[in-house]
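Taking it in order: structure first as structure tokens, then the write-up.
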Amino acid sequence: MHKYLKKTLVISVFILTAIALYENFLLVPEYTGLRTGVSDYIISSGLSDTGSLNLITAVLYDYRAFDSLGESTVIFGAVSGIVLILSRKMLPVSSRGLSFIVKRTFGLVTPFIALFSLYVITHGHLSPGGGFQGGVILAVISIIFSIVYGSAFDYRRYSPQVKTAMETMGAFTFLGLGVVGILMEGFFLKNLGFLTARTGTLISAGSIPYVNFGVGIKVGAGLAIIFYSMIQKTFKEDF
Amino acid sequence: MMTATVVLENLLLIFLVLCAVMSVRFEEELISIIFLSTFSIVLTALYLLHRAADVALAEAVIGAGLSTAIFMSAISQIRHGDSD
Amino acid sequence: MRNNFIFIILFMLGLYALIMKTNLIKNVIGLNIMEASIFFWVIAFSDVGGEVAIHKMGEEFSKFNDPVPQALTLTGIVIGASTAALLLTLIIELNQFTDTIDRDEIEGLNN
Amino acid sequence: MALLWQQFLASFSFESYFPLLAEVGVILTLITALAAWNYIKEYKFWYYILTLIYLISTVVVILTTDWFFFLFAWEMVTLTTTFLLAWSSWKLVKQYFVIQFTGSSILLFAALAANALGYTEIAAIDSVLLQFVLIIGMATKSGIFIFHFWLPPIHSEAPSPVSAILSGWVVKLGYIFLLKIIPIESGNTMLYLLGIAMVVYGGWQAVRSADLKIMLAYSTVSQLGFIALAIGTGGELAFLGAVLFIIAHGFAKTTLFITSGILQREYGSRVVYDFKGAIFKRPLTSLAVIISFLSLAGLVFSAGYNAKYLISSAQLPGLLTKVVFFGFALISAIYSLRILYWIFIVDEDYSNFADKLKKALNSYQIYSTDILAILFGTLGVLIVAFWPEMPGDMLEYLVDYDFNIIAGVRDSIIYILLAVYLIHNNAGFKVKVRDHLSLERYLRSALDFIFSMSRKNVKFDTDKIFETVFYNTIFNTSKKIHDFFYQDLTIQLLWIPVFLSILLLWQQIYSYF
Amino acid sequence: MMETRIILLIIVPLGTAFIIPFIDLINAKLRRFFVLLGISIQIFNLTSIVVQYFDQIRDGSLFLQYHLGGWQPPFGINLVMDNLSFLFIAIVTLSLLFIIIYSIGYVGHHEGKFYVLYFIIIAASNGAMLTGDLFNMYVFIELLTIASGALIAFQRSHPGSEAAIKYLFYNIIAGSLIFFGVLLTYFNLGTLTMADVANNFAALESGIQLFITAIFLTALLIKMGVFPFLFWLPKSYDSSPAPVTAVLSGVLSKIYLYLFIRLIWTVIGFETIVALNLNILLIDIALFSSFLGHVFALQANNIKRLLGYSSIGHIGMIFAVIMLNTEAGFYGGILHIIAHMFMKAGLFVACGYLLQYTVSNHYRDFKGVGLRDKPVFIAFIILLLSMIGMPPLLGFASKWFILMAFLEAQSYFGAFIVIFGSLTAVIYYLRYIAKGFEEVRLSEDDLKMEVFNQPLLSVLYREKIVTFITYAYTAVIIIFGFGFRFLNIPLRMSIESIMNVERYIELVLGG
């Protein structure tokens, strides 16, 4: 089809879709007036049920913990897919690090980033944040290593084998807690009652902090593997 | 008179759309990715305005942090054989 | 109402980048913008002017925003990021063979 | 599984003449199996497995009244006969399978339409339209007039025992199915007309063919015409005539095809003119040929005569039908007697007939099983000739039915005289020997005819004709449709917003139309 | 009643998927042991469910639930297994079992990663069929997309990565549409559980109903590969390895069909579809897609792409029969789903074996493939015959019931499409069967090319496994061909569980 005919066709289709969407959006009433079934229950009895102050982590890691299990498997699947596609036979040459000043400053900064990510992971149920966000920050450390100090440095510090081990460890803690839920209290991924202490303290929300920790490790290691396999300078394979 | 937050929100929304348009228009991938990261940072600010702290943190870390890193590494791998 | 406009504009922009642009990286960016617009709309729509859904230690219960759509968007963002990562690796892989990421030159995509 | 088995057995119906027809089918298949013993050399085991499956499915086809098992068995018949053809050439298998499959798809459609309209059992259907659809459905499978184009090429090319099965019985299953479908009192006028057309066309082509197998194939078409004619007229007598005709023609045609196999191996060619001295070389085979051809011609004291007499007596009285029927009988007489004329009469010296016969009789070691098969065949023909109500009087209606032999003798003498006169002064309808019939040649002649009108002389090489013409046209059209939809990724992805907006605005769109 | 074995159906494959990279670190030899362990536990689980609830399955009152995390349905996630999902899980697990044994014999390099992704697909497919929660369904659909996207690019060849990119483009858009749809239902109805949504979906105002149904329908049609969006399907079947195509065509398309039935009949309710008068549109789209699938198959010059197009044709036909919403329609549709799953998976498995030595799977390279290994080619022909619908095989029974359904519903266009489909199928299959039997005179460099072409089956015993699985599929088709009444009870019961949605809602919410 001729270039301009195609362009006009596309533009007209977009306008048509915009109108269609606009027509239907008019019908959706404002949210305040709508029936709020599940959210009323969660807001009112979220704290007492799960013991976690942050209701979003309560939803994520207790009410709908199965979604988060599915979610972490999505990352697990993406990681193994990416490593499968980008695995190279040859040992890649290390990417050049940045200048000396950057290396020194990051030498100082990295422990604080690690501390911050651990804070975000463990305080999932008290302050905003949780397993996923903390895990990503954890991955940022490995990304910094491979950018600033060169991927060989990152290879030496946390070799992909260590990362896969960490990832599977995280996955197993999550799955293990679920299975413990079956053994102890009859339901998969049940929030284990015996672990809850006074609300507001670090280990207050039953199994949520441990699940957070497992997911954090898993997501951190997984995304580190993704970035490591994408960053390495690659040559045309020979085999 | 519209309160300060509403004005801020409208401003941010305009900035949001601007970032998206710029990111799509530019031919050079590097520029569009940088605009994409600013797009997600503005989005974090908007989420904060809408009282969604967790989502804002996630968007900041994943949208601005991780996606940009992955896009950058992808561009560095791409070998432009002939075009530009 | 204003949020619906923004959603439609951003969604159309993402779709435009995905469909019209011939550069594969641009398509993935378009995809990202499309998903981000959906997440933005969800959060903007579920904002009923309440507080962040976190209980303060001291004070008693006040009006919260609905935590459920926020939790779902969180999951959505992570899924969106991992799919984008997978797509980018595939583009890198394709680039190994065709040395270009222009959609018109890779005619394999058309049939 | 048990449920299925009981349902399968319950669907059998054993009343009126259908068990008899099933028995005749079984006998005919055994005869052909016997004849195939030393005709088929390699993979003999697989041949008999296929014949066994064919045997079971023919019995099921004839006896069952449930649509599903009927179609299940009939398609099994097609499947087994397709693989039986593999002993001649794969090309044949392909053509036969494609044609039979289209036929069975139409039949499937017709059967399910009948089932949906309330006829859950295979019983008399009174809506004429449904009868018409069912006739079209079974047309390709059992050679109704327009759809019989595949019958001569495939039946003449197939190995002789297989073509015996095909012509002898497989083709008749459609008519047995029609016996159940067409209500006895009303009959079906379209079938009547088609029958007439088949008789005339088959007879004319049979007379014009020099190759024995091609002649036999065309004679099958004309004999099937008679059966269609009988079923078309309707009435108790006509239906019985059709049944008798099916049995008589089954026996006769099977023996004839087996004998053609023997003669082909004996003389190394299939053309009728070089079967010289057949009576002395193969006396018993020539005896079988004579008896079967007489039955085919419908002369008196033969099986064919009884059936034809039943059918003609069932016609409505009136001079026109008498004359027309006389013409039909004459046609069948001509093409059968012509073969006898060429084999046994033309420049034969029967000087010392007796001792030559004695010498020939004692040299029978080679084809023992084939001879046995033919003897059974001729025995069958003779039984039908002298006991029209069949041993154990299954057709009890015919027990005391007088076939007024005197009128029959008079007619046959007239036929013979006329046939001899016509054959004699037309020099036996001697026709140039055409090479083997094949569907490629049909398509080629059809296309030459079309292109000759358009003055664009296009050269076809015949054996690759199906690939070049038939498939390329399909390939190009589907290629064009494919390219229309598959332009490039932008258009393909564009379908998503288009479809989304159509669905979203469906309320307005629907109210608009 | 509560049943922990349902959740085990999902956790066990997930656990094996997590173990395998860990085992790879220790020593790769154990990997196959864990693979077999995982799949055998899965089979054991399913058989124990069948044994325990056999009488409930027979009289159709099977209804197992599982509340995750101990929360009652409207708040937490609940898993539901009624007759329909039980039937689908049984056939999906059986087919996956065959394919995993086949892939043990077939996959050469990167075996560890293949099994991880494969077990994730098993877990996600079981999850998608069991879940009674909309967002959980979305997560499992995304899981399926990513795992199958990565598997399509398993061979890391040029066409492979193209196919994966195109596949992912389409499916990620569909995924984000489903996310949008789920969130819309949440905002309007307040709950995410399917039963609760089904309960008061009718109360919604018709404009919003149309909005939600439109979003869900577009997403599902993209996933199923129906007319406007069938462009990604043939390419992804063409360039991915045989076990992956077997999974894609045999299993994934069936899971999306199940989700379609679950969404349209249980969640949205067919009366609303009729009220929005969408059903006529959908039947026409489905039939046109089936027509297009068969027409495109005529011009396919590549055996796997041909099977892809014919798969589009058959899925379109099933989709149309189900949309008739009659008892006979469901019977024919689900029977054809079962038949099509085994036939298509068997065909791709056989293709994988037949084409392992050819340079490409183009039409001219298919020359003489049949002569090289006759028994597998005979199995291939039997499966093709069953695709056409020849009697002794299962294809005939399902074609018969589909035609009956179409004719009883007076839609003669549908019956015509079915007949047209099987006629065109004869033409394009016969072309390949003839090509398979053509003599091929192997020249010097052909032989060298074959040796150099690293056949994946290095060890002889793996060749045995591969041929064994092809015969297993053909045996299933022939056995069920004769005994298709054997499937009668589960089919009747699953139709009954589709039809009355009230029982589903009452049991989930009331229980």
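The letters A, B, C, D and E name the chains in turn, as written, and every chain counts its residues from 1.
Assume a residue touches a chain if its C-beta (ideal position, glycine included) is under 8 Å from a C-beta of that chain, and two chains touch if they have at least 3 such contacts.
Note that this is a predicted model, so its numbers are computed, not measured.
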Can you name the chains that touch subunit C as well as subunit D?
A, E
For this structure, which two chains share the highest number of contact pairs?
A-E
Chain whose Cα mean lies nearest the overall Cα mean
E
Which chain is most remote from subunit C in terms of Cα centres?
D
Looking at Cα centroids only, farthest away from subunit A lies chain D
Using mean CA coordinates as chain centres, what's the subunit B-subunit C distance in Å?
11
Suppose each chain is reduced to the average of its Cα coordinates; what separation in Å results between subunit A and subunit E?
30
Subunit A to subunit B: how many Å between their CA centres?
19
So, in whole Å, the Cα centroid of subunit A is separated from that of subunit C by 15
Multi-chain contacts in subunit D: which residues touch at least two other chains?
486-487, 489-490, 492-494, 496-498, 500, 504
For subunit A, write out the residues touching at least two other chains, lowest number first.
10, 14, 17, 21, 24, 31, 36, 38-39, 42, 54, 56, 64, 67, 71, 74, 78, 81-82, 85, 128, 132, 226, 230, 234
Of all the residues in subunit B, which ones touch at least 2 other chains?
53-54, 58, 62, 66, 70, 74, 77
Output every touching chain pair, sorted by label.
A-B, A-C, A-D, A-E, B-C, C-D, C-E, D-E
Over in the complex, which subunit D residues touch subunit C? Could you list them?
486-490, 492-494, 496-497
Subunit E-facing residues of subunit C, complex:
18, 24, 27, 31, 34-35, 38, 42, 45-46, 68-69, 72, 75-76, 79-80, 82-83, 86-87, 90-91, 93-94, 97-98, 106, 108-109, 111
Any idea which subunit A residues touch subunit E in the complex?
24, 27-28, 31, 34-39, 41-42, 62-67, 69-71, 73-74, 76-78, 80-85, 87, 161, 164-165, 167-168, 171-172, 175, 178-179, 181-182, 185-191
The answer for subunit B against subunit A in the complex is residues 53-54, 56-58, 61-62, 65-66, 69-70, 73-74, 76-77
Subunit A residues within the subunit D interface of the complex
1, 6, 9-10, 13-14, 16-17, 19-21, 23-24
